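In the two complexes below, chain A is the common chain; its partner is chain B in one and chain C in the other.
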Partner chain A sequence: MMKTASKPNSSTYDAIVIGGGHNGLVCAAYLAKAGKKVLAVEKRPVLGGAAVSEETVPGFTFSTFSYVVSLFRPQIIRQLDLVKHGLQIIPMETTYNPIPGDAGLVRWADGGRTRNEIARFSKKDASLYSEFGLSMGRLSRFTKNVIDTPAPEPASLNPKELFKLLKMGKLFKDFDADMRYLNVKLMTMSAVDFLEEWFESEPLLPSMAGSGIIGTFLGIRSPGTAYVLLHHYMGEIDGAFRAWGFSKGGTGQISLACARAAVSFGAEIITDAAVERVKIRNGRAVGVVLENGGEINARTVISGLDPNRTFLKLVGEDELPASFVGQIKRYKNRGSSGKVNLALSRVPNFEDGRPGLQHLKGDITIAPSIDYVERAYDEAKYGEFSRRPFLNIVIPSLSDPSVAPPGKHVLSAFVQYAPYNIREGAGKWPEKREAFGDAVIDTIEEYAPDIRDCIIDKQVLSPWDIEKMTGLTEGNIFQGELSLEQLAFLRPVAEWSRYRSPINGLWMCASGTHPGGGVMGAPGELAAKTMLKEGGV
Partner chain B sequence: MLRKSPFHERTSQFCTSMNWKDWAGYYAVASYDTNHDQEYFAYRHAAGLMDATPLFKYEVKGPDSLNLLSRIMAKDIGKLRLGRVTYCCWCDDDGKILDDGTVARLGMDHFRVTAAEPFLHWFLQNARTLNVTIEDITAKFGILALQGPLSREILVHAAGGEVATLRFFRLIETRIDGRNVTITRTGYTGDLGYEIWCGNSDAIAVYDALIESGKNYQIMPAGLAALDVARIEAGFIMNGVDYFSANHCLIDSQKSTPYELGLGWSVNLERDCFIGQKALQAEKETGSSWQFVGLEYDWEAFEEIFARFDLPPQTHSGAWRTAVPVYGRSGKQVGQATSGAWSPTLKKNLALASLRNDDYSKGDALFIEVTAEYERKRCPVRVSDPMFFNPERKRGK
Partner chain C sequence: MSFDVVVIGGGVNALTAAAYLAKAGRGVAVVCPDDEIGGLCSRHEFYPGYYSPGILSDTSMFRKWIVDELDLRGHGLVKSTSSKTVAFGKDQQIVFSESTDKTTDEIARVSEPDAESYRAMKAFYQKIGGPISQFLNSVPADIVDPETTDLWSLFKRGFQLRRLGKKDMLEVLRLAPMTVYDWLDEWFENNGLKAALALPAVTEGYSAPWSPGTNANLLIREVTRGPRVQGDGLALVEALESAARSNGVQFEPGIVDSIEPGRGVRLEDGDFMEAKTIMAAYGPKKVFLEMIDARLLSHKFEQRISKFRTRGLTSQLLLAVESYGPGVESSASRSGSRQSDKISPGPGNLNSGLPEMALIAEDLDGIEKAFDPVKYKEVTRRPCLDVYIPSEIHDDLAPIGKTVISVLVHYTPYALRGGWTPEAREELSGNVIDVLDEKIPGIKERVIGKELLTPGDIEQRYGLSGGQLYEGEHALDQLLVRPAPECSQYKTPFEGLFLCSGGSFPGGGLTGAPGALAAKLVMQE
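On to the complex of A and B.
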């Protein structure tokens, strides 16, 4: 835990960061490191935003929302000395697709072992798997350059921008023709179509394609989902692409490490302090007004909230150009996922005949067939949560025993689909929450029949709950979908992809900006570096 | 034919990778799984259970045992109180290191010594007329190393509450599953950890009891590959890797002294004569020729070396032990890095190195050889304390 005050020490700062999510804290840390007087303001009593750990059930620490880490930028870890501030990542080495009455499919860290597993379903797929990994690795290296720099602005005639575009173009040009074609396919195809160029078997195909729909309101056959697949593929731990891990003590520990780093550089952080609005004078942001009536002044205000909430709630339409407001209103937040966190008395038995628990230490994906996942989407399209959803389950206590009492476990199930706008209206979610939780547990029960006997307590989170707790509009986990028209120089909207906003002195620093969502820290880092470079603070 | 440790029946059951190596003539598990990562993380976040039986073990008994050990060890064993363990090294007459290990005092005239190499001859030779018995008990006892932040909870469960208060480098004699065991709070991971000694016939029962007690704490059988990464993070030197026993060196320059290896703290000069004392005294006065340091790679520069080949940075998947040259700013070779590893905990690329003594201090910039695409390059490194990882829990209550 980290002790924070609820009142600032001073009334004026160089910069105020709204929102104590991981990006806000990364941004605050970089600015403080550069010598700025920074205050970060969080509405909840705990820091972390959607990257938060909470002891929701006594003795059990849930990563309430975001539950695994991969994309967090290694340079942030180094530059902010996050290891010294408590960051510890434990890699996940397996991906398991259970099949009732079968051993299922486990992909291991070891290539040969994985090939043997896949060969049970398709020898052809087994022989292609490492080749596919190599191609994705190459693509990820291109993307790495994209995510570690602010998006170039194609409409600008500024020579610096043109140079950046040229540099990006050169990277693309340096690819061989096959990779260039592959990149275009990736940007335009559906996850399933893209993967079917390689693979033929289930459950490999739907399990891999599942990464393409996470956080989007699209199906695995919807064009554009192949990119999201890459977004989940390009994560790296210690230089290894497609490596995922748990943060020791839950995802919130990443945020807390960022917070400790920020404080060590002199930043101040307050909690239980919700911002009601951004103070604007003569078209310029000059501070914030808290819900408790307090006012804090700053030369620069930086929002770690999503674009919708920042501009439509904290700034207000009257202060903004109409065209910008229109774009922000059209920005897609469509919440599509929920979360079920379970406190367990023991590890559920997947009845797969596999010895030990090693194969349960990574993620467990419920996506037995392409039709299964597509059908789950069908229901969501018409305003229902999926009765048999796509699930991405983890049991982090198997790798990090610190999150549960001895012998007990926590299970986190990411659930798709759970549309924010259910047929009855989003406000009716509290009445459907129980049924939603039951659908998830019923689904798990088909694979692990004893799951109900293991449950000590549960936390069911619909996208409506996620919005209520974190403020994320429509509960969208990425602060806006990662669809092509909302990425790079179009994130969040055209002409405002470089962390600035139409209000002087008001900047953005979180997942609603380039390069997007995931516990990545890159928006916070790039926003801070851009501000420092361009005299924004 | 290699020997099987008394835990072999169990370790072979868990070793699905078949990844064995020869450790002092015993079958020893390098990694239980095809990949050692999970075992490493067990050492750092839960508990890893390692079979350390192949360590050479000597029992020294009799009224003169203290005399003998004080004469052999560079550390003053006379100060070792009952129920305590100490880390020490021993040298030849020229003060050149022969081996390093631990000495445990079980009784006023009863000690146990561990060594990486066989030294029965050396102990006997130096016992001369002393009233002492020295027995090689290597094949009589099994040793399990239980290492990691949850090792204490597991041992308390298995052996009772006494273990909870066992302090760093202390020992207790107790029982696990009704079998007599000696537990020392020692280890080679630089973390909270214990070593459990038991008679061969009790080995399987003790092993099973620890696994059973550890079930709720995610205990994992763990091997030498993971241990090697952990010991580098902890800055622990290894005989045969970071230095060579003077007994095995063909030329003098291959030999080292305790001072040169950063073990000066374990040398007690002001006392009755011990082997190597004069030479070590002289070295203390005139200064050492070598200095043992840690090195941290400049990661950006390391990445850049590989980026020139359009490659991502490539680190070893575990620890490496093939020495590479270390250069000074002028380009002159100033020493060698003898082992290293990417530290998954510290997120740093680390190496242990011996440098020609030029009073290097923390933060000094040097260069290490790195091979990228078969080409030898030089990567900037910073000198650091070799004890890269030193959590409070290692010594703490």
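On to the complex of A and C.
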């Protein structure tokens, strides 16, 4: 835990960061490290935004929203010295796809073991699996470069920008033709179509494709979902090439490490302090007004909130050019997922005949067939939550006993699809929440029949709840959909992809900017570095 | 028999390519069975006395520059000024005509703001159309293995796009990968209008309004569209055939057995036609996987061609209909909207009061819901329909006073769970006729004969792989690199063999563009 005040020590700062999510904290830390006088302001009593851990049930620490770490940038860990500030990542070694009445499919860290598992379903798939991984690994090097630099501006006539584009082009050119072709396909195809060029068997196909839809309002057959597959080959933990991991003590510990780093560089952080609006004078952001009436001044205001909230609520349409307001309004925030967190008396029995619990230590994906996942999407398109959803489940207490009382466990289920705009209207979610939670538990029960006997307590979060708690518009976990037309130089909107906004002195630093959502820290880092370079603070 | 060029296939692209090459003085032969001249616009008798007009009819995207360069007007081609499409929505209909003003007035009847938006949208397409048409009307750059000329052409395209201004350039980049659903939602409120604009574009691939990338299809349609050809596909083919013949193209009514690149083609009857240059107007899968000795293909290339996605999702229901006398009103006109000039009597067969063309889709979700079941290999209960009534304009397709209706049925699975049994065929046909009868009452009891072509049947009859009407799904990756890197610029790994079907850039449909662009490339080489 970290002690924070709810009132600032001073009335004027170089920079105020609105929102104590991980990106806001990363940004604050970089600015403080550069010698700026920085204040970060969080409305909730806990820091972390959507990367937060809370003892929702006594003795049980839930990673309330975000539950795994994959793409957190290694250079941030080094530059902010996050390990010293308590960051510890426990690698996840397995991916398990249960099938009722069967041993299911487990993919292990050990390639040979994985091939044997896949061979039970298809020998051909087993033989191609590592080759696929190699190709994707090579492609991810290109993508890594994209997420670690601000988005190039293709419409710019500035020679510097054109040079950047050329550099990007050169990186692309440095691939051989096969890789370039693969890249064209990857960027545009659906996860299923892309994977079907390699593999033929279930549950391998839906298991892999499932990672392409997490957090999006798209199905595994929707074009544009393939490129997310890369993320699984891009994860870096401690600079080593490993895909996914848990943060020890819960996801919130990442945010807290960032917060401690920020404080160590001299930043100040207050909690329980909601910002009501950005103070604007003569078209320039000059500070913030808190909901409790307090006012704090700053030369620069940086929003870690999503674009919709930042501009339509905290700034206000009147202060902005009409065309920009139009762009922000059509920016898509459709929340599509929910979360069910369970406090368990023991580990549920998946009745798969597998010895031990080793295979349950990573993530457990409920995606038995392509049609299963696609049908879950079909229901959601018309405003229903999926009665049999796609689930990504983790039991972090198996690897990190500190999050549950001895012998007990926490289970976290990421649920898709749960559309924010249900047919009855988003405001009716509280009435549907129970049924939604039941659908999730019913689904788990088909794989682990004793799940209900294990449950001590539960927390069910619909996208409406996510919005209420975190402020994320429509409960979108990525601060806006990660669809092609909302990425790179178009994120959040055209001409404003470089963390600036039409209001002088007001900047953006979170997932609503390039390179987007997930617990990466990259937007916070890139925003801070851009501001420092361009004299924005 | 020896020629400079042998063109195999007899459709719009084949005839276009042949006409260009012959006009440039090459000795050209077109190899195609007589009854397959016209390709997707060739007729067949599907019920005694009733003829199908082929499967594609929309000529609005046939390139104007081809009409000019081949002087197709001199061969009888006339651009229509009066063609109309009636879009049936839920309790409403909108008549789309060649004039934007008239169409806007029609839209205003269902929504004033949408009429304004429609005009604005047309103006927007007009504004950005230039660089996009230029892109679509030239040999595509090879982005996978670019040479200097490709990089130069990419640079040129980028520059042309940038000349639109920063805002519009970024807008073009934003809209292309979008879903048609989101894009139309940004402009319009009326469900029927949105559905009518979306249906033809989203059904070009394995996609529906919610699928990302479908907006590129819509964009391409909108910027390349012009007036239709009077008489539609059948008339277009007649003009092209006439242009080809008058330039000296010889027609050889054989069936191609195999291609021997660089040497010629062997016909099924054993004849060999010698030619250094062969232009294949069949889809890439058919050309490389069926017509060329498999041993000549590298494994990688063979894999890539077989992975080219050609999942047909459209069936065609052909209806022979008893006299459909005047005075029968559509459901929408009965329900009280304005009556005048709703459905124009055609100049063809009879004054039946039927529209030449109609789209039936109530809203975008309706299209999406028609798509959902086919993903699971099931029959769609309420299909969306693209209706063409050729007997309104052609008097030789049905007995005097009778009607032929061709319905493209979206969506239909290629493989049906349980197979395409006679019962399954009846079920789908029944669903189609029910939907049709709701909008054009009285059709149901007047149907005297019908033929259902499932995607599998379409594959058989028209030689389209997978029954895919566009010779390969229109999806972003398959438009950028079509059909595979080794042959994305009409050239193939085989010296002297060129592709010129809709399976090449810029894609399928009655555009003539692949045929013309490939022919120009051959003339250069």
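By definition in this document, the second predicted complex is superposed on the first by the 529 of 537 C-alpha atoms of A that agree within 3 Å, B and C clash if a C-alpha of one lies under 4 Å from a C-alpha of the other, contacts with A are read in each partner's own complex, and residues count from 1 in each chain.
Assume contacts are C-beta pairs under 8 Å (C-beta built on N, C-alpha and C of every residue); 3 or more make two chains touch, one makes a residue touch a chain.
Small disclaimer: the values here were computed from a predicted structure and weren't measured.
Partners chain B and chain C, once the complexes are superposed on chain A, both fit on it without clashing.
By the touch criterion stated above, A:Met2 is placed in contact with neither chain B nor chain C. In the superposed pair of complexes, A:Met189 makes contact with chain C only, with no contact to chain B. Of the two partner chains placed by the overlay, only chain C lies in contact with A:Tyr181; chain B stays clear of it. Look at A:Glu197: by the touch rule set out above, it reaches chain C but stays clear of chain B. Of the two partner chains placed by the overlay, neither chain B nor chain C lies in contact with A:Ala426. Angle at chain A (Cα centre) between the Cα centres of chain B and chain C in the superposed arrangement: 130°, in steps of 10.
In the superposed model, A:Leu490 makes contact with chain C only, not with chain B.
By the document's definition of touching, of the two partners only chain C reaches A:Lys381; chain B does not.
Once chain A of one complex is fitted onto chain A of the other, the partner contacts of A:Ile456 are absent, as it touches neither chain B nor chain C. Superposition on the common chain A brings chain B within a closest Cα-Cα distance of 20 Å of chain C.
For chain A in complex with chain B, the residues that touch the partner chain are 74, 77-78, 83, 88-91, 93, 108-110, 112-113, 141, 174, 238-239, 241, 248, 358, 361, 397-402, 406-407.
Here chain C touches chain A in the complex through residues 143-146, 158, 162, 166-167, 169-171, 173-178, 182, 186, 206-207, 210-213, 307, 309, 365, 368-369, 372, 375-376, 475-477, 480-481, 485, going by the rule given at the top. If you check the complex, the residues on chain B that touch chain A are 33-35, 37-38, 41, 45-46, 150, 153, 215-218, 299, 310, 312-315, 342, 344-348. Of all residues in chain A, those touching chain C in their complex are 154-157, 173, 177, 180-181, 184-185, 187-189, 193, 197, 218, 221-224, 330, 332, 371, 374-375, 378, 381-382, 483-485, 489-490, 494-495.
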